[in-house]
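Dumping the structure here so I can ask a few things about it.
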Amino acid sequence: MQPMNAQMGGYDRAITVFSPDGRLYQVEYAREAVKRGTTAVGVKCSDGVVLIVDKRVSTKLLEQSSIEKIFKVDDHIAVASSGLVGDARALVDRARVESQVNRVTYNESIDVETLSKKICDHMQTLTQYGGARPYGTALLIAGISDGVPRLFETDPSGTLLEYKASAIGTGRPAVMKVFEEDYQEDMKIVEAIPMGLKALHAATEGKFDVNNVEIGVIGTEDGGFRRMSREEVDKYVENFNFDTPEEKQEEE
Amino acid sequence: MQPMNAQMGGYDRAITVFSPDGRLYQVEYAREAVKRGTTAVGVKCSDGVVLIVDKRVSTKLLEQSSIEKIFKVDDHIAVASSGLVGDARALVDRARVESQVNRVTYNESIDVETLSKKICDHMQTLTQYGGARPYGTALLIAGISDGVPRLFETDPSGTLLEYKASAIGTGRPAVMKVFEEDYQEDMKIVEAIPMGLKALHAATEGKFDVNNVEIGVIGTEDGGFRRMSREEVDKYVENFNFDTPEEKQEEE
Amino acid sequence: MQPMNAQMGGYDRAITVFSPDGRLYQVEYAREAVKRGTTAVGVKCSDGVVLIVDKRVSTKLLEQSSIEKIFKVDDHIAVASSGLVGDARALVDRARVESQVNRVTYNESIDVETLSKKICDHMQTLTQYGGARPYGTALLIAGISDGVPRLFETDPSGTLLEYKASAIGTGRPAVMKVFEEDYQEDMKIVEAIPMGLKALHAATEGKFDVNNVEIGVIGTEDGGFRRMSREEVDKYVENFNFDTPEEKQEEE
Amino acid sequence: MQPMNAQMGGYDRAITVFSPDGRLYQVEYAREAVKRGTTAVGVKCSDGVVLIVDKRVSTKLLEQSSIEKIFKVDDHIAVASSGLVGDARALVDRARVESQVNRVTYNESIDVETLSKKICDHMQTLTQYGGARPYGTALLIAGISDGVPRLFETDPSGTLLEYKASAIGTGRPAVMKVFEEDYQEDMKIVEAIPMGLKALHAATEGKFDVNNVEIGVIGTEDGGFRRMSREEVDKYVENFNFDTPEEKQEEE
Amino acid sequence: MQPMNAQMGGYDRAITVFSPDGRLYQVEYAREAVKRGTTAVGVKCSDGVVLIVDKRVSTKLLEQSSIEKIFKVDDHIAVASSGLVGDARALVDRARVESQVNRVTYNESIDVETLSKKICDHMQTLTQYGGARPYGTALLIAGISDGVPRLFETDPSGTLLEYKASAIGTGRPAVMKVFEEDYQEDMKIVEAIPMGLKALHAATEGKFDVNNVEIGVIGTEDGGFRRMSREEVDKYVENFNFDTPEEKQEEE
Amino acid sequence: MQPMNAQMGGYDRAITVFSPDGRLYQVEYAREAVKRGTTAVGVKCSDGVVLIVDKRVSTKLLEQSSIEKIFKVDDHIAVASSGLVGDARALVDRARVESQVNRVTYNESIDVETLSKKICDHMQTLTQYGGARPYGTALLIAGISDGVPRLFETDPSGTLLEYKASAIGTGRPAVMKVFEEDYQEDMKIVEAIPMGLKALHAATEGKFDVNNVEIGVIGTEDGGFRRMSREEVDKYVENFNFDTPEEKQEEE
Amino acid sequence: MQPMNAQMGGYDRAITVFSPDGRLYQVEYAREAVKRGTTAVGVKCSDGVVLIVDKRVSTKLLEQSSIEKIFKVDDHIAVASSGLVGDARALVDRARVESQVNRVTYNESIDVETLSKKICDHMQTLTQYGGARPYGTALLIAGISDGVPRLFETDPSGTLLEYKASAIGTGRPAVMKVFEEDYQEDMKIVEAIPMGLKALHAATEGKFDVNNVEIGVIGTEDGGFRRMSREEVDKYVENFNFDTPEEKQEEE
């Protein structure tokens, strides 16, 4: 990240402390943990939302399915994460509980925006009160509410923004460049997936291995999240011409 | 902010500590977080209160509506914020709860000044007791009480002041200069909005993009907050001659 | 304040720690916050107590009435403050609760001295126990008990003293000089106000703006606090010859 | 106090820490706060106990009666203090509660020694456990138990000693010198007061102002504490030849 | 581990703090404790899971059986650990309780993945909240759920991954090299044990002592964990040609 | 105490921290507080236990009886202390409560060893857990249990040892030298007192003032503690030839 | 212990912190406290377990029996300790309570291994959570369970190992050397005691004083712990030729 001068003298060590220029260094450092994570992309379409992640594996001995990057939160909500894996799981656990509580209390599924705000509120708390560090993870929260696809993004500060299409992790700048050129408001899922794969390929600079791609979709029709099978993913991949992936370090 | 000498030696790191000259550096640093925020203006009129904010977006992929700068607190109260977004949302959540509690307890809507003081009291607490940092946000609290428009401003120290017209964020000095020249006590909302747009334009030095402007009004007639539609905003904007906005970094 | 040598090495940073010469630096620094505050004066008269404050405003856009320097605590007690505004309001809130509790519990209004001691006890606690800083405010507590006017002053250490006439804030030395020459034990309110204005004028060195003066009185006759109207204040001011006030920074 | 070498390196900052030579610097520093206080003397007589204090005032605008140096704890117990005024009041409040609790629980007045030990136990606690500083005050506790006059002295460490005659504050060494020469075991109150005034005069080196003297007595006859009137004090003073007092800084 | 520059200045001391590049040094240091531990391997087979550990003993006076490296958690789950022994036992105790709670609450044995996640969630907590250090241990969690063999690995950050075959401790790189060459998806336990022994031998560079090997297996047939007897282990060992082991320091 | 090198760097400041050589400096420093205390001796005899203390007074104005060095804990147990007076009183208060609790619970007097262990356990706790410093006092605990005289000694670490004859405070080495030569197992109280006085005299190097000696005895016959009267003490003293005592500083 | 380089900079001060190489310095320093303790040995025999300790006394005035090195925990369990005496007693108290709780809850005596693990779990906790230091003591836990002799050893990290014969304290290396040569699996108690004395003699380098030896045995026959009488010990000692012991410092 941007260089800091040597005299800052401790502002960056305690989360409950502002630096003289009004910054919270610990929050900014937590964002660095996100930037070092694998890339995850999300695209909002007219018929649903798509999440695509790069699950790089360092060894064939690893069960790829155990690398959690896309988490189902509820029937109609899923999350893609980048950054510290343990932190992401802790946040997702929290989201699942909130979702179930809503279902039990109001007898209906939780609104995607409501859930996203609850997660962000919790993340913000850890940037203001002592005794803990901020979360070192960013989330893309995808879901359908009242038949409308939603795609939220949150970062370690607890800021919440909604995107038409976005990305988190190392490859964010490269992915966003592709999306800004190719994204169409009225895209359908079948169009968004190739665009997402193209962007992910651009972001990984030839290290992209289609076998490591996981795709999750939530359609407005059925309103339910499902992970695509390898066969489905392969159908989308066939039309691409990828470089041979090399062995890579898995994240974190 | 104003320079500090090098020997201050730690007074500026712990919030519960005074510097030898009786200052609370952490509070002053939190104000810096506000000064780095986008500009928000508020104007008290004879027929209501107006809030205008600059919602700069860095990419068209972002859903502009998800950038929260004007928050509805209750039917008759709204808030514009500048500074850390997560902090602002946490404060607004608190304000909404206070407002509902008042409604349930006394069966009437909360007084704008009463609510403003409750928010400030909470902000002050975080400047005196350990274990947390001050809020890195300032609020313009607009509302109608007993048919009278009110416009309060609070800052990280918990100081509360009422203004006829004011601004928070980066552009405050430029906006205030415009207001001190143009503000009339008996202004109506339809007059205040152009003045606010002019001030915001002055404050952003050519980077002002009218498409990013959001306007919220609370009228004495109906006593209710509403966000203006794009069409309404456009009607006010048509009479202006703005520079072409460039791409900008979104706040925080 | 008086210079401190460079080797003091940390005694001045934690409130729960004595310096080798038996001083509590944090308390002394909090007093500096008071000394940087606007001037407030109080005068005990044969027929009541007077509080006069200087409410300097930096811009005409500010609602002068929202600058709180004189607070009504109960029908028979009012407080003038100097120093951190948020701290003063927190203390006044506390005083109001104590006052109401007394009314509810004993069915009579609280004694001025009793209330003053309760406030001081609380202020002292924050100088002895960790986890918080001392209050950065001083109060002039004026009231009538059993028909007798009382005027107490408290500072950040929790020390309580009663004065015939006193002042807090930047102008204290200049005001006290005037009072020591002019004060008469049998003064009436109508005589004390001109003396107070004269002292405040002396203390502000030509920056005194009579329009910014607020006067509160508690008379023995009616035993109730009231703020003087602008017209009343003007009657007292007419006999004076003030310099044109310049724009000034509002406090804190 | 006695000089400390420069390498002591931090032992003197945290109260719960011993220095290598087994000292608790914070307690010793708190004693310095006492040594900087005004002088208070106590004398045990055959017919009661006398407390005499020097209530120096810096300005005639101050109500001398509001300078609390002699506190009534119960009908038969009074306390003279030196050091931090707020700390003394906090301790006296505690003593008063203990005294009332004893009265309610056992239906009799508390024994002077029992009360003194309770105060000391509390003071000791603040020298051993973290989160607070020791009390910066010393007390002379005077009272009558079972018809016998008692005079206890406590310091910031919580040490308790009984004296025939003693003094606390700046003038202690000078007062003790007088007492060691003049004190007689079978003195009566009327003899002890002139001795106390003489000692106080010696201790203040010509700055002694008899108008600032306050005298409290607890007699064995009536067993009750009372403050002497100015007229009574004057009768004792008439026989002395004091220097003209100069203006002095009031304590703390 | 990888060198860190000298100016990092404290980021690596408190667990609740990010370094400027988004790392949690304390977690990375805890991993060093794991890397210094003895080697443990796990292999998932078509008919169960195998755990093999190296229980080096420094003296024949030590009861080898008391060196706990393979812990039975439940009938169908076992754990192999590397790193701080006390930490491993604390985690296993926790796992056993979770397992029993599940049995009592749902009247069925806990799912291996569910239990693994619960352990990881707890480990993550100690990397985010203050007042404790992360666990200095890694676990290989082996078990059978619904007749399917599972093999999870967790590290001090609370990351959870499933492997076909893996290793923790000093010898991990050497073991993984052997496994990547020799591992077959359809291996049976009787084939996996020789491969594990070969890998362990490679990892210990001639210091491998077959007498120190402990083997635990969980078969899909019976679904129950059992430790192999020395005779069983010997049968597998007979076909190997090991170097004479030298005396070694036992771990930690 | 033994010199420590300059690089020890902080191990000696926090009680919950070991130094690299396995020492707890704070405990050792607390022992220094004991070594700076006045000397107290205890001797176990065939017919009871004797405690003798040196109650040096700095001024005749001090009531010698108020210097507490020998405390009665229960009818059959007494304690002599050296070191911080306030700490000793806090420990004795605790011992008295334990003693009464035992009496109420079991309807019998507490065993001397049981009580001593309870005191030590409490002292040890303050050397292991944060938030407080160790006790800066040592105790000689004398008592009769089942007709047998017991004499225990405890120090700031919470170590408990039983002695035939021992001493605490400044004069310990000199006293022990005398005891090792003169002590006889079958001594009677009347023989032990002269030996104790001789030892105390040796320990104070001519500054010993027999008038400052206090003697407490617990006899097996009556099993009860009593302080000797001045007359009794004088009978023992008559046979000695002491130097004229000089004025001395009282302890702590 | 092994030297550490000067730049380690603070890792060794807080127990909840790992050093860059994955070590917990505070635990290692606590082990130094154990190494500085007197030597204790334990030997597991076919007919029971033997504990032998060296109770060095510095003065004949000390009651040797009060030096606690062998503690009875229950009828069938005893403990020998080395290191900080107060810490050992605190641990033993805990063990006794656990043992009684088991007896009350299950109506049977606690298993030796179960108890040992409970002690270790507690010791581990103090190495992971803040606010306290690790225990500065090691224990040899001897007992009989189901007729089988057991001998466990625990250290400050909470590691638990079972030995055939072991030693803790200063003399451990020398003792272990003797045991590795002389120990026989089928030894009987009468053979183990001479071996233990020989080892203890070797460990103390001529400073061994047989009069200071204490021996505790737990036999499988009667299953109960008993301390050997001086006469019994003497019978074992007669066959040895020891050097004259010199005066030594008692431990800690």
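Each chain carries a letter (A, B, C, D, E, F and G) given by its place in the written order, and its residues are counted from 1.
As a convention for this text, a contact is a pair of C-beta atoms (placed from the backbone, for glycine too) under 8 Å apart; a residue touches a chain by one contact, two chains touch by 3 or more.
Which protein is which chain? UniProt says A, B, C, D, E, F, G = Proteasome subunit alpha.
Treat the numbers as computed from the prediction; the structure is a model and nothing was measured.
Traced through touching neighbours, the fewest hops from chain E (Proteasome subunit alpha) to chain F (Proteasome subunit alpha) number 2.
Between the contact lists of chain B (Proteasome subunit alpha) and chain E (Proteasome subunit alpha), the overlap consists of A. Rotation angle for the C-alpha superposition of chain C (Proteasome subunit alpha) on chain G (Proteasome subunit alpha): 155 degrees, rounded in steps of 5.
Averaging Cα coordinates per chain places chain D (Proteasome subunit alpha) and chain F (Proteasome subunit alpha) 31 Å apart.
With centres set at the average Cα position, the gap from chain A (Proteasome subunit alpha) to chain D (Proteasome subunit alpha) is 69 Å. If you average the CA atoms of chain D (Proteasome subunit alpha) and of chain G (Proteasome subunit alpha), the two centres end up 55 Å from each other. Shared interface positions of chain E (Proteasome subunit alpha), i.e. residues touching 2 or more other chains, are given as 10, 14-15, 130-131.
Shown here, the protein chains touch around one cycle, each chain meeting exactly two partners. The chains touch one another to form a ring, and the order obtained by going from chain C (Proteasome subunit alpha) toward chain D (Proteasome subunit alpha) and onward is C, D, F, G, E, A, B.
Contact residues on chain A (Proteasome subunit alpha) toward chain B (Proteasome subunit alpha) in their complex (touch as defined above): 7, 10-11, 14-24, 117, 120-121, 123-125, 127-131, 152, 157-166, 176, 179-180, 183.
The residues of chain B (Proteasome subunit alpha) lying in touch with chain A (Proteasome subunit alpha) in their complex are 1, 4, 6, 12-15, 25-26, 29-36, 59-63, 65-68, 84-87, 89-90, 93, 126, 130-136, 252.
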